[in-house]
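Scrolling down, you'll hit the structures one after another.
Two complexes come next, and they have one chain in common, subunit A, joined by subunit B in the first and subunit C in the second.
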Partner chain A sequence: MARLIRTEKEVEGRYTEQWVVVEEDVLEQWPEGPLQTVGRPATRVDGLARARGEARYTQDLRLPGMLHAAVLRSPHARARVTRLDLEPAMAMAGIRGVIGPSDLEPLTNEPNYEGEAVAAVAADTVAQARAAVEAIDVEWEVLEPLLDAEQALAQKSFVTNPRDYERGDVERGLAEADAVVEAEYRTQSVLHNALETHQSACEWEGDTLVVYTSTQFLWGVRDEVAKAFQLPKDKVRVICRFMGGGFGAKGSAGDYTMIAAELAKRTGRPVHCRLDRREENVNSGNRNPTIQKLRLGARSDGTLTAIDAEYECLLGWDGWLPPTAGPAQMLYACENVRTVERGVRLNTPPMDAFRAPGFVEGTFGLECALDELAAKLDLDPLEVRRRNHADHDPMDERPFSAKELMECYRRAEPHWERRHEVRARSEGPVQRGVGLATQLWYGGGGPPSYAWVRLGGDGTVTVVTAMQDIGTGTRTAMAQIAAEELGIPLERVTVELGDTAHGPYAVVSGGSSTTPSMGPAVRSAAADVGRQLIEIAAQRFETEERVLRLENGKIVSDLGGSWAIEDITGLLEDGQILGNGARGPNPTGMRVLTFGIQVAEVAVDMETGEVVVERIYAVHDVGRVINPLGAESQIEGGIIQAIGHTLSEKRLLDPQTGKVLTRTLDSYKLPTFADVPEIVAELVDKPDAHLTNLGSKGLGEPPIVPTAAAIVNAIRDATGADVREIPVDRETMLRALAEAREREKRGAPAAV
Partner chain B sequence: MELRQPSSLADVDGGLPLAGGTEVVPLLRDGLVEAETLVDIRAVVPKGVSGTTIGAGTLLAELEADPEIPSALREACRLAASPQLRSMGTIGGNLLQATRCWYWRLKYPCFLHGGSTCHARQGEHREHAIFGNEQCASAHPSDPAAALLAVGATVRTDRRELPIGELYRLPTEDDRNVTALEPGELILELEVPRPEASHYLKAMDRARWAFPLVGVAAARFGDGVRLALAGVAPIPWALDSADALEQATPLPGTAYKVELARPLIRRALDAIA
Partner chain C sequence: MVNGGLHEVDVPVGTTLADALRDVLGLTGTKIACGEGHCGACTVQLDGVPVLSCITLVHTVGEREVTTIEGLREHPLVQAFVEADATQCGFCTPGQIVSAAALLAATPRPGHDEIVHAMSGNLCRCGTYPKIERAIEAVAAENRGG
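Right after this comes the complex of A and B.
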């Protein structure tokens, strides 16, 4: 029976209450440990198609008659369009449509950041479209942009109201402390740079708008576009079968979708609007910079007495305030905590979610400050973390649904012990050190999420759900779950996804929510098929349902004997067995989080400031692991991305004009494979007994959370230098080393 | 746009020369150079290493593995760009690379583009110059150019021979080019002396595929040592001695390059001692 319940929903730290209808789900969790398919490494079901170029991405679309859009974007951080004549563009060769600010919502006459869209054209070729944009006659009144964070704070230029949190009394806590660290930490703006740029192709089929788009959230795009074009929701069909990465920045429709849809409407032709790499680096979202003022106090035994944190989050012109204070509030059992988060509005391109937004930045400051505090107290950093372990949610005393952080600490112990041997390998100007940092993040997923499973006459199974695989291996994980539940080999399962017209609703692939939301729904749908199969088999073979089970592609009787699944399904010829599945609610009154720790080993050249990450050990607790091979890849990917954030990536703006200077992949420096260290990845792999029929949480974001702090703590261990900002480029490292030498000269104790 | 593919030097008649294309194609795409005609010079310009002569059409990928050429040049080629780029890019083209200065690339009306100010001096300039930066603070991106400067290479074009030091010139009020090549002039060969020892060291923002923050080339001929730096001036920069580093005129954001160059120079000199 369907039940109507009120449940708490969380996406990337944003909690809302909502009504959900859930089916009764009587499935027990599977036993712990590797099963037949789930918990065993599986190569990607679509790996060959991707490698061979057969997988069709939005980028690959060539719809009949398709036009190409180009967008006039503001070259100024703040300006007013004083004259806009689209006529010269319309007169150009191959031009089929031109729109300006009066034609479509996101187009504007008053851009507030560089790259904001003003007008757009559709033409037969990309080159024609770009030439036409150049031909648009536009005059700008360039206005003074607000770029300085301090000035913005003084003017109270905020995107949203500041967020305050307080428990206990931090001043009292600081007074009771035997040691206090007070320091400022800074993180930079980094860019997602997914391989596939932001893009959509839109086509009207009668009164239905078909949107092919590179997205993390098919249904979110559907709702946004339906609202913008005043269509019933299902008159918008959104398709994304293969997707070239998003990292958080593809959660909404974006101006390119609206532009393609409007131009398609006006021209009666399909229109593809694709950001080029340069637009991508300006105008597709970014991780916002932060300035963090922290005060941490602890007693001589390492017990935290106070965490006081102020975060200025430089969001740009728009966006939302990420949970930067989350780690300070939730990571440790500290009685006195006060946090303030301010979302500063500037005339810079708006932030967007970027793989664990807020927590990446917040963990960097908190975990570096904690190590500085441990150094002051001459305590082992790992021991300090154990001492402050939160046994329940320190914000509201709620129990955790599961928490294996102590187990992560235990497993990390031998890797942390390596520090003595690593330090001993220092040679000449190259000093080596080891650092660690704890990870905390959401990742519980939630309803509503649905899946259908059908079993055909030939005994093959198809999972149908309108979810997206954003490149994380979701297809494979869902196939494994269905195969496990039905006791069939993985090869017999096909997963059909990526089309809102072909399948039920699925969650956003963000907030590490895909597997924990969709996995239980797929299992539930497969179990529905399995139940029916057993019922049919019992009738066919004149036995009782309770003695039958599914195993190795067969229906096996406890009384002896077995039948191939095809022996039953074959009877039905074209008949199909159809199963429905829905994701149940999260456990009431419990906090569902993911945990972990990483240990970094670095080598620092004390003369040239070169930092080489030599090894990273990672262990994370995300409940049951569906595909250990895919999970390991996720951990590696998160760590590699974090190494870029820690050492080489930084979006640079011209300080006068606010324009983005790093627009290409030679100036915006992502890590290369030569920068990738040895990565040792482990998972606790213990199902969360309170969470769904799977006990699985998400792993997309956890691995990127602690890496920067672990690396910077290792740098301090190696050099005695306090690095308090990322990226740690040569200039930053050489300055920190010079400060450390200066401090030593003055006779102050180095912070080791 | 037309692509010509002449089979001999005599058939080259105007147009924008193109060899590996790794430099010219992005410049064309960004509208930093314009051309009606592209000339594929791969069949025209000599290739390969013969004694001390290197054809300008030789790929960096060939030079990075050539045991006969001076180690500084070999290392500079190996540390340049990425394997993919080195498999397309030629040594001749590498010497003529345009600066990576973001202001120049984004077409700010800067000194190098014929304007009156250098935007980098007032703006973001962490990758920029510490020498010769009074009017234009751009940094020359070539690693091999510094190595060739240190070993005292000679450039032979279709019109003349000139020491590599004279191939480059700081941009001036009257001429904003950073090379002395005339329009249409083609580099054909490099004459590369064999030093007794040479070495190239490079500091960059990541382990591979980045232009030099500082590159240091050192070469020893008998008792004489020659030093040249990459990434520190609008042109490859010859340094009279290690002490000459102290005459650098860094900007606030490039002062670290002086600190960075110091140990690299010492290490390069130690390596060839």
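Right after this comes the complex of A and C.
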């Protein structure tokens, strides 16, 4: 029976209480370990479509009569439009529609960051649209932008109210400490740079607006667009079957969707609005920079007595305050913790979620400071982490639904032991070292999420749900889950996703939530089909339901005998067996988190400042693993992205004008093939016994969380230099080395 | 010549090969990710040599042989990429396979350094590089066997 419950919902550390209707989840979890299909490596069900270039992305759409949009964006960080004449654009060849600030909500006369949209045109070709934007007659009054964090703090320029947290008494804790580390850490702005840029094509079909879009959240786009155009929600249909990467920045509709929809309305034709790479690097979100002031105290045995942390999160003009203090609050069993997070508003492009927002930044500062503290106390960094292990949620004493962090530490031990051998391989100017850092993140998912499963007369199974696969392999994981539940080979399962008109509601692909939210719903829908199949088989073969089970594509009787599934479904000819599934609630009174540790080995050239990551070992606890092959790819991908923000990636702003200087993929340095170290990835793969009928958590974000701190701790191990900002480019590295030499000359101890 | 078939393309001067392939011939397997020759997503082969089709003007192609991912669908690398899980979002994948096919044609058994050198112009934001290397090595191993 359906139950109405009030439950806690978490997306990327943002908790809300909400009502959900859930079905009784009668399914017991499967036993631990690899099963028939779940827990075994599977190649992607859509791998061939992608590799053969057949997968149709939003960029590949060619709708009949489709027009192309281009957008006039502010070239200034802060300005006022004093004159705007759209006439010259309208007069140009191929132009079918032009809109300005009075026509559509996101268009503005008073841009507050570079790239904010002012006007847009639709034309027969992209070239015509761009030429028309150039022809728009616009005059700007350039205003002084607010770019300096100190000044913004003094003016109390915040996007949201500061967030304070306190337990115990940090000053007392610091007074009790045998050693204290007080230091400032900085992280940079990182640009997502998914290879498919943000884009949508919109088409009106009668009173229904069809939105083809590159998105991580079909239903979120539906709701936003419906609200903006005052439509009933299901009069907006959102489609995204293949998606060229998001990493957090494609969770909402974006100005390009609104522009395409409005121009489509005015022209009566489909309109495609696609950001080019330079727009993408200015106007599609970013990981916000942080300035972190930390004070950590510990007793001589390594027990943490205090964590005091202030985070200035430079969000830009808009956005939300990511849980940057999360690691400081939750990672260790420290009694005295105080955190302050301030979301600073500046005239820079708004931040957006970027793979584990807040935790990537917060873990960097905390885990580096902890190593500096361990060095002061002359303790083994891994032992310090074990000593401060939190057996329950240190914020509110809640038990964890499952926590295998100690097992992760145990498995990391031999890789950490390699440090002696690695250091010994230092030679000449190249010094080698090893560092580690712990990972903590959410990833439990939650309701509401639904799936349908249908079993056809030929015995093939189709999973239907309006979720998205943003490249993480969730389409394959859902097929595995349905195959497992029905005891059929993976090849017999098709997954239909990516269309709000063709399937039930599904969760955002963000916050590592797709698999833990959708997987249980898919299993429950498949189980519904399985129950009906057994009921039908029992009648057909005049036996009892309780002696029948599904195995290897057959209905098997405990009394002997088996029948192929098609023997039953074949009876129905075109009839189908339809199953419904819903995601149940998360366990009440428990904290659901993911854990892990990474060990980095680096080589630092003391003369040139070049840092090379040579090896990373990663072990993570995300509950049951559905597809070990895809999971390994997620870990490798997260680590490689993290190597980017640790060593080379940085959005540069002109300090005078606030303009983004790194707008291209040659000025903004993504990791290449040549930057990849040896990566050894492991998963604990133990189902979370309290979490859903699957016991699985998400893996999209955990691997990117601890890498920067592990690398920087390895750099300290190799060189003795305290690096407290990322990226560690050569200038940063050489400066830190010079400071370390200076300190040594003065005879001061390491880590102040 | 595109993938073995002769095509006459009538487009304005200044049209890129990538746009001609995608918009005129409907070969959308070739992706455009930066549009200015920095990322490799648009890689096609011109007479077997990998080039960036987003900064190659179609009028300079003449009668040379263009090979796109659509012309390489039966290449063993395609299956090898699937087997090795060398695609995540898949947007860079066609370009990766076109580059890797050119590498293997020139160097049937490339070593690690040769793979890195040949593939460093193809960016992958999802970080599939280790799996791509595994896929290339798998096909190279077949070459060794054959």
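Following the convention adopted for this analysis, the second predicted complex is superposed on the first by the 748 of 752 C-alpha atoms of A that agree within 3 Å, B and C clash if a C-alpha of one lies under 4 Å from a C-alpha of the other, contacts with A are read in each partner's own complex, and residues count from 1 in each chain.
The working rule: a residue touches a chain if its C-beta (ideal position, glycine included) is under 8 Å from a C-beta of that chain, and two chains touch if they have at least 3 such contacts.
All values derive from a computational prediction rather than experimental measurement.
Counting residues of subunit A touched by each partner, subunit B versus subunit C, the larger count belongs to C. Contact with subunit C, but none with subunit B, is seen for A:Ile470 once the two complexes are overlaid on the shared chain. Look at A:Asp666: by the touch rule set out above, it reaches both subunit B and subunit C. When the shared chain is aligned, subunit B and subunit C each come close enough to touch A:Ala674.
By the document's definition of touching, neither partner reaches A:Gln576: not subunit B, not subunit C. Legend: residue contacts after superposition of the two complexes on their common chain; A:Gln539 is shown touching neither subunit B nor subunit C. Once chain A of one complex is fitted onto chain A of the other, the partner contacts of A:Gly638 are limited to subunit C, with no touch recorded for subunit B.
By the touch criterion defined above, A:Gln155 lies against neither subunit B nor subunit C after alignment on the C-alpha atoms of chain A. Across the two superposed structures, the residue set of subunit A contacted by subunit B and also by subunit C is 664, 666, 671-672, 674. If you check the complex, the residues on subunit A that touch subunit B are 429, 607-610, 612, 647-648, 652-656, 659, 661-664, 666-667, 669, 671-672, 674-675, 729-731, 734-735, 738. On the subunit B side of its complex with subunit A, the touching residues are 82, 100, 102-103, 105-106, 119, 122-124, 126, 203, 205-211, 213, 253, 256, 259-260, 262-264.
Every residue of subunit C that touches subunit A in the complex is listed here, in rising order: 22-23, 26-36, 38-39, 41, 68-70, 73, 78-79, 81-83, 85-94, 97, 115-116, 119-133. The touching residues of subunit A, counted against subunit C in their complex, run 43-44, 46-57, 59-60, 62, 192-197, 242-245, 247, 276-277, 470-473, 629-630, 632-633, 636-641, 664-666, 670-674, 676, 679.
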